[in-house]
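Letters A, B, C, D, E, F, G and H mark the chains as written, and numbering starts fresh at 1 in each.
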Amino acid sequence: MDEQRLRNLLTDLSEGRAQVDEVVRHLRAMPFEDLGYAKVDHHRALRTGFPEVVLCDSKTPEQVAGIFEALSKSAEVVLGTRADASRFEAVNARLPEAVYHQAGRIIQVGTPTVDEGVGPCLIVSAGTSDIAVAEEAALVVEATGCVADRLYDVGVAGLHRLLQHHSRLATAKVIIVVAGMEGALASVVGGLVSQPVIAVPTSVGYGASFGGLAALLSMLNTCASGVVVVNIDNGFGAGYFSAMLCRQIAGR
Amino acid sequence: MDEQRLRNLLTDLSEGRAQVDEVVRHLRAMPFEDLGYAKVDHHRALRTGFPEVVLCDSKTPEQVAGIFEALSKSAEVVLGTRADASRFEAVNARLPEAVYHQAGRIIQVGTPTVDEGVGPCLIVSAGTSDIAVAEEAALVVEATGCVADRLYDVGVAGLHRLLQHHSRLATAKVIIVVAGMEGALASVVGGLVSQPVIAVPTSVGYGASFGGLAALLSMLNTCASGVVVVNIDNGFGAGYFSAMLCRQIAGR
Amino acid sequence: MDEQRLRNLLTDLSEGRAQVDEVVRHLRAMPFEDLGYAKVDHHRALRTGFPEVVLCDSKTPEQVAGIFEALSKSAEVVLGTRADASRFEAVNARLPEAVYHQAGRIIQVGTPTVDEGVGPCLIVSAGTSDIAVAEEAALVVEATGCVADRLYDVGVAGLHRLLQHHSRLATAKVIIVVAGMEGALASVVGGLVSQPVIAVPTSVGYGASFGGLAALLSMLNTCASGVVVVNIDNGFGAGYFSAMLCRQIAGR
Amino acid sequence: MDEQRLRNLLTDLSEGRAQVDEVVRHLRAMPFEDLGYAKVDHHRALRTGFPEVVLCDSKTPEQVAGIFEALSKSAEVVLGTRADASRFEAVNARLPEAVYHQAGRIIQVGTPTVDEGVGPCLIVSAGTSDIAVAEEAALVVEATGCVADRLYDVGVAGLHRLLQHHSRLATAKVIIVVAGMEGALASVVGGLVSQPVIAVPTSVGYGASFGGLAALLSMLNTCASGVVVVNIDNGFGAGYFSAMLCRQIAGR
Amino acid sequence: MDEQRLRNLLTDLSEGRAQVDEVVRHLRAMPFEDLGYAKVDHHRALRTGFPEVVLCDSKTPEQVAGIFEALSKSAEVVLGTRADASRFEAVNARLPEAVYHQAGRIIQVGTPTVDEGVGPCLIVSAGTSDIAVAEEAALVVEATGCVADRLYDVGVAGLHRLLQHHSRLATAKVIIVVAGMEGALASVVGGLVSQPVIAVPTSVGYGASFGGLAALLSMLNTCASGVVVVNIDNGFGAGYFSAMLCRQIAGR
Amino acid sequence: MDEQRLRNLLTDLSEGRAQVDEVVRHLRAMPFEDLGYAKVDHHRALRTGFPEVVLCDSKTPEQVAGIFEALSKSAEVVLGTRADASRFEAVNARLPEAVYHQAGRIIQVGTPTVDEGVGPCLIVSAGTSDIAVAEEAALVVEATGCVADRLYDVGVAGLHRLLQHHSRLATAKVIIVVAGMEGALASVVGGLVSQPVIAVPTSVGYGASFGGLAALLSMLNTCASGVVVVNIDNGFGAGYFSAMLCRQIAGR
Amino acid sequence: MDEQRLRNLLTDLSEGRAQVDEVVRHLRAMPFEDLGYAKVDHHRALRTGFPEVVLCDSKTPEQVAGIFEALSKSAEVVLGTRADASRFEAVNARLPEAVYHQAGRIIQVGTPTVDEGVGPCLIVSAGTSDIAVAEEAALVVEATGCVADRLYDVGVAGLHRLLQHHSRLATAKVIIVVAGMEGALASVVGGLVSQPVIAVPTSVGYGASFGGLAALLSMLNTCASGVVVVNIDNGFGAGYFSAMLCRQIAGR
Amino acid sequence: MDEQRLRNLLTDLSEGRAQVDEVVRHLRAMPFEDLGYAKVDHHRALRTGFPEVVLCDSKTPEQVAGIFEALSKSAEVVLGTRADASRFEAVNARLPEAVYHQAGRIIQVGTPTVDEGVGPCLIVSAGTSDIAVAEEAALVVEATGCVADRLYDVGVAGLHRLLQHHSRLATAKVIIVVAGMEGALASVVGGLVSQPVIAVPTSVGYGASFGGLAALLSMLNTCASGVVVVNIDNGFGAGYFSAMLCRQIAGR
């Protein structure tokens, strides 16, 4: 309709029923978003190749299922993060092709086409309790078509476990480090490599970890250069950001 | 220039050198801000009558003086908040008409025309140490053309001091309450009146006041209805908001 | 009884059984509240038109139902905030006309007469998870007889969604902004409009949102003028304050 | 037994079987507590008249019942604080005379003899949600033989409710103020009276009350002289301290 | 003047120029504070014997001197707390009889008459760095006419230093415990005695003492009964409260 | 395989098929962990005599049982900390010799050989609610072959209870102090003894204990020398560290 | 020397004075770092092109000058961050070619060769007070040879200022957002673009900004995807990380 | 004198001038400390060999000098911690043999006899800014007669710097780790060694390090076993504790 209004106005001008000054004045008064914001949307559309993502834990199973059904009609891949079994079952009842990645608490519909030339993004995690967040990151990376490489349970209490895999650290394009408790792994990895490191503090810990605050502050204060941080337990954010980087690096 | 581009385009259309479809396409591609944002600015211009305000403490005396000189050419009133004597002297050297309100740490250039029908806004403060913030609020109210009524040093430790002035509480259109320490005055005033109360916590206090945090939390948790809060020591913000209300209420 | 004591005293004086000095001394000793505080109550009575409000979540269903029954005898509208289904059922058993607004968790008895000349108060919310708090605010606004306008799910991650509704921003008398996570929407709205903005941080968020603290601090530190803040999740407080403003502006 | 050891030693000395030097040496080597700490205990015994108190919520119902059974054999009054119904039932099964004060969550065995000359201790509370803590304080006061006077639901949002009871404020020997949310009532009462005020912050509140922290900080920062503070929700501590004061004042 | 208004009204009544109903109506309309609040003041006047107190550190030397000059005309004793040498010099220039208690940072004008039957109040401090706060408390106690007994530098790191003075602990009427760092002394003293203990956390400490927060939290969480807390470094508050208690206990 | 690569290389050198320079170059390029990290492992192996430890509460009963089964094949003693009854039952079903220490929430398989010459390590706890953490520490000490001496319920509110056991304090090699609430016991014990003290804050407490933060800060700020701190509720960490010390002292 | 030890060992093997098994055993016992860590260093050397960086504010002017002198012998570019004028003067006295970038508080020696194909990295800042941090980031980006594009003073209080520069947002390879106060700019930019956004909270603010905490929490909780965070005021870290990304994207 | 009182009493008993009951009664009434607490002191005397230590920064230069003069008469070694040059000069004026260790801010009088068989205690620090705290620890260790081994500037950003010194890690009896910023070094060292690790967080850092809080929380949450923590910047405490351990291990 807004376009119609615009067309009428311009037709009036072209057919002599309106003057330039008058049209300029009308254009100024017209809600700008009707003209300009397609461009904003267009820019966002550049992120094609990225999956649609649904944050499940604040929605009911029925709501989640409904959203999946709607999105899966147009999107190649739809992911549901922080999803429990009950939400998966609701989705699965409508979309039998849905898959549940229990470790990462992710529902997935559609199979991404992994582009072997994009990445790898290495996901490093400190302890077994950090795997849920690490898997969330890894699955988001893969759903975006990037290669994900998983290196789990290599916390600094046994440093040799990490150092044994030095070549995987060296060949990654981007590295995600997932750690709770004191979060020291981010600094250690950041000191060993020359690639960008995305640190994800987790809420894993006891006592004075204060729900991940200790790891978060530790990572923000890292003495290693080239380390940035996302919110506590935000595996999705780290995976999404890393996938953006890998695709840019690969020229996709 | 952007307007020139627009005019050229429309002239081409009106003179048959361009088609409607083509112009629509051009308009879509044109940076939207060239058209639409005048409207945004226009809306902001509705706040005429408000003074220009300079936050002084993060600028050098020379910078402050320069900004005052520039703004005073077009604005009826220019205020400088959080200003010490050295900054006033720098302004005064260039603008001899500048006035320094020491209690509120405010430099003022230009005399606002107070509209007796707007307000009064009552500014209530708890202790003598809160007066700097209260005066900042009161001077901002006055610079906006509203009537300010000051009621200072009526903290809850001597409740009768406040209650003696019940009629001033009753006739105010909007009430600003400025208090440090435990900030209880906001709840007490909020419980006595039926007008909107803007609470300003101050950093006045000792020990566990933690720079005004105690008063801030107290005011946010008020059991009285009709009380809202601004940042610690933000006399400017409270005065600005209250002046907006008074003018709206007065239909200005 | 207190009045009786007063009358006896004055009658003694008028009939010569007491002296002026003696009566003055008695009046001083008489509990002041028996005389003066009717005035305080009278002032509070000026807020007629406001509904009676019951905070439900710290009361049992039976207590809630009893209070509703008592209040509904004299009040035009009674609201129960933070109410779950069990509390509604208890109220409904006694008052069949009770209505449950599930989205805003509010029980309502009585129909407010909305005064089309008061408001509109625009309630803007960032995400779908913020709607419970936004609805609490909107329903309180409506129960006070003001016009409420709802603009939901226009968070800053997709700024064009907000900007598309610029005219609704422009025509509102007062704007309530409800946002969790980083709470940036309050600053963005505050920068776009010239009306008073009431910001409500919500506890929606993950990790370092710390139950709404991130949004609260963000809103208190807003760089936009004309923004004030209420407690986390305090939709009621924002709605009540905004209704006060709208009625004052409309001269009600 | 320790006394026996001591007597044997001294008898040996008095009967010539030991020398002074030898006894001195023995006394030095003897665990000092066998001699001296009876005095410490004796001093503590001065607090006779105080009930035995059991903190119930960290113990199982069986443990609570066992402790009550043991203590009730020698103590005039036994109180169990923070007790739910299940713990009361366990106690009641063994001690049919046990009474459950539901509002204050206290189990009581034995009837204290209230001494009308001790107190009154006035317990003032802000809202209905604070009554559990206020009752805990009041019952501890009474269990200690002091007169308790209850003045509930007189929060600062309706100040006249408090002021109406000025004479009860004036005649109390000690005043306990129980308040959550912003805790302003402690300052208001402290400003009205000349007796000692014991402030109890409660965890009642929402959002930025942070489990009672807002009220705690507010009370610690009170601008009124003569106000001291106990831990959040610590009705027991306030009652116990106040009873100590009342008894001292009464010369008991 | 208010009294004059009242007298006129009553004279009219006594002389038949007014009716009872009319006078009742006038009295209701008269600002209540003109009648009732003398009583409030009267109650506060019960605290006679207490010194006037000036908080010096937020005032200029000239302001402090002016206030001292004014107050010393009517008050027996005037104290200035948190006073440095420059403020004392300003006072001393006008009032040569002024005395400066450097250890407690207190200016004193006038000599209190100590009543040997009131107290003693024992002030216990943990370390030498806590003495400034302890002296502030002790001087306030003495200025109120109570006997103060000082027991300094008896921190828990050398427990025998405290235990050696058991008899002074035993004979005190009220005990103030002043401690920084971990604040454990309050619990230890509270466990040894049966009198009321007023705990004053100080900002003495390093690192994770966070300006006295560690000691404050420690004291609030004391496992000893009969301990209450004032704000960090609030020697004045503790001294004032304790003097109130001592006077009540002594029947003054 | 890495060793094989190394052997091939060296064999080539020894048999003349390679030169020294060439081998040096290869060794530099060879992943270092293939050579050196056995040494790291070897050092860690020095901690033989220490039990294998499984943190149970973040694992399912089945996972815990599987890990126990695997570890018990090679380890003399396997401990499971923070284990509830359901996890014990799962372990017990596979390993009938498993024992459940309910007080310390520990599952144990295998009997450590206590070396009477190592220790004793004295575990001191303040209240009955701290026993779970204290027992966790004590059982870890014993599982490491050290003598554990338990001294429970000796909080500072009744100081004589602690002082009565002075000789046990005096003969311990290392002392663990477990305390919640204000955590003062650590400072008191630290002031009485000359041995190392390991302080364990517990989350036992109410209100402003903030989940053990009060005790943690208190212990970190101790005025006693020779006191170190572990995380809140970290009985395992304190026991492990203390056992290391006892063994070093005993020359094991 | 370590190499000499290695060579001797291998020479012995090659000359028959040692056996393969013996050499393997020796190699295992040899400190691993003598062999392997050159590789670690080698990896770090991949970051050539990056300047040497000296953090100046914790060093004396003399120390800073000495380090610059030493580093400038081998490094193409040496930067000194958080440097004041006195430190620059000390450096300049030894190295006359040193340049001082006052706005970013950076000393620079050597001229980086900017590679026009790398970047641009767009640095966006909210207010004029954020420019010091923004310039620190921009200068680090340039010193690494990347193109930096500066877009300053485009805070959300005047959103159109940002939107006017949409094309610069669109063409940047990486975007750094520097903002204090409520930090909302990071979310707004993150919502407008599809490139990686590095958010830098600054300590600019008042009251409840708590030294940048408000902006930090806001940025961590961003509702926009593709945003990561560095420490408060860490312009260096953001610039370094962004330069790494730009070079990777450009295939350098 | 107390002993004299005791001897008189016992002599009376032995000579028939007193009865057993009477003496028992007297002993009970006698201040216990006169008997028993020599034992406490005696135990503390076991820590001979430890230097006297003066915390200088809260005392004036004159006070520090006076205390040094007094202590140096009887103590072999006197240390003054947190001492600046002015305090050293005051001490040096009275005690010419005084030495100032600038790096560790320590004044030392007297030369400790280092016992080569005690220790070594290895002090590891992360960055050059941590050296002040590390040196404080090292000098305390040496003043206690233990061997101190310093390994500075081996932070985790360059892990190979630490690993190169593996043999020094391996031969230490006790290891102190001093680190600011994220404090990760404590976990890394704790994972590499089997000896006790004492972690000292420092206040070195920027932004969200919050005065050492980030490092403190990181160290408390370490995933490595065998790590304990002291207060922020508490080099003295770590050195003192470690010296106790080294001496115990060496059987001193």
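In this text, contacts are C-beta pairs under 8 Å (C-beta built on N, C-alpha and C of every residue); 3 or more make two chains touch, one makes a residue touch a chain.
Note that this is a predicted model, so its numbers are computed, not measured.
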Contact-graph separation of subunit A and subunit E, given in steps at minimum: 2
Contact-richer chain pair [E-F vs F-H]: E-F
Inter-chain centre distance, subunit B versus subunit F - centres from mean C-alpha coordinates, in Å: 59
Euclidean distance of C-alpha centroids - subunit B vs subunit D, Å: 50
Interchain centroid distance [CA atoms averaged], subunit A/subunit G, Å: 24
Of all residues in subunit B, the ones touching two or more other chains: 31-33, 37, 39-40, 44, 159, 166, 192, 206-209, 213, 216, 220-221, 225, 231-232
Chain-chain contacts as defined at top: A-B, A-C, A-F, A-G, A-H, B-C, B-D, B-E, B-G, C-D, C-E, C-G, D-E, D-F, D-H, E-F, E-H, F-G, F-H, G-H
List of subunit G residues in touch with subunit H within their complex: 31-33, 37, 40-41, 44, 58-59, 201, 203, 211-213, 216, 231-234
Interfacial residue positions of subunit F with respect to subunit E in the complex: 126-127, 155-159, 181-184, 187-188, 190-192, 205-210, 213-215, 217-225
Subunit D partner contacts - residues on subunit H that touch it in the complex: 3, 6-7, 10-11, 13-14, 16, 18-20, 23-24, 27-33, 35-39
For the subunit C and subunit B complex, residues of the former touching the latter: 39-40, 43-44, 46-47, 166, 170, 173, 192-196, 198, 216, 220-221, 225-232, 237-238, 240-241, 244-245, 248-249
Contact set on subunit G toward subunit B in their complex: 128-129, 158-160, 163-164, 166-167, 204, 206-209
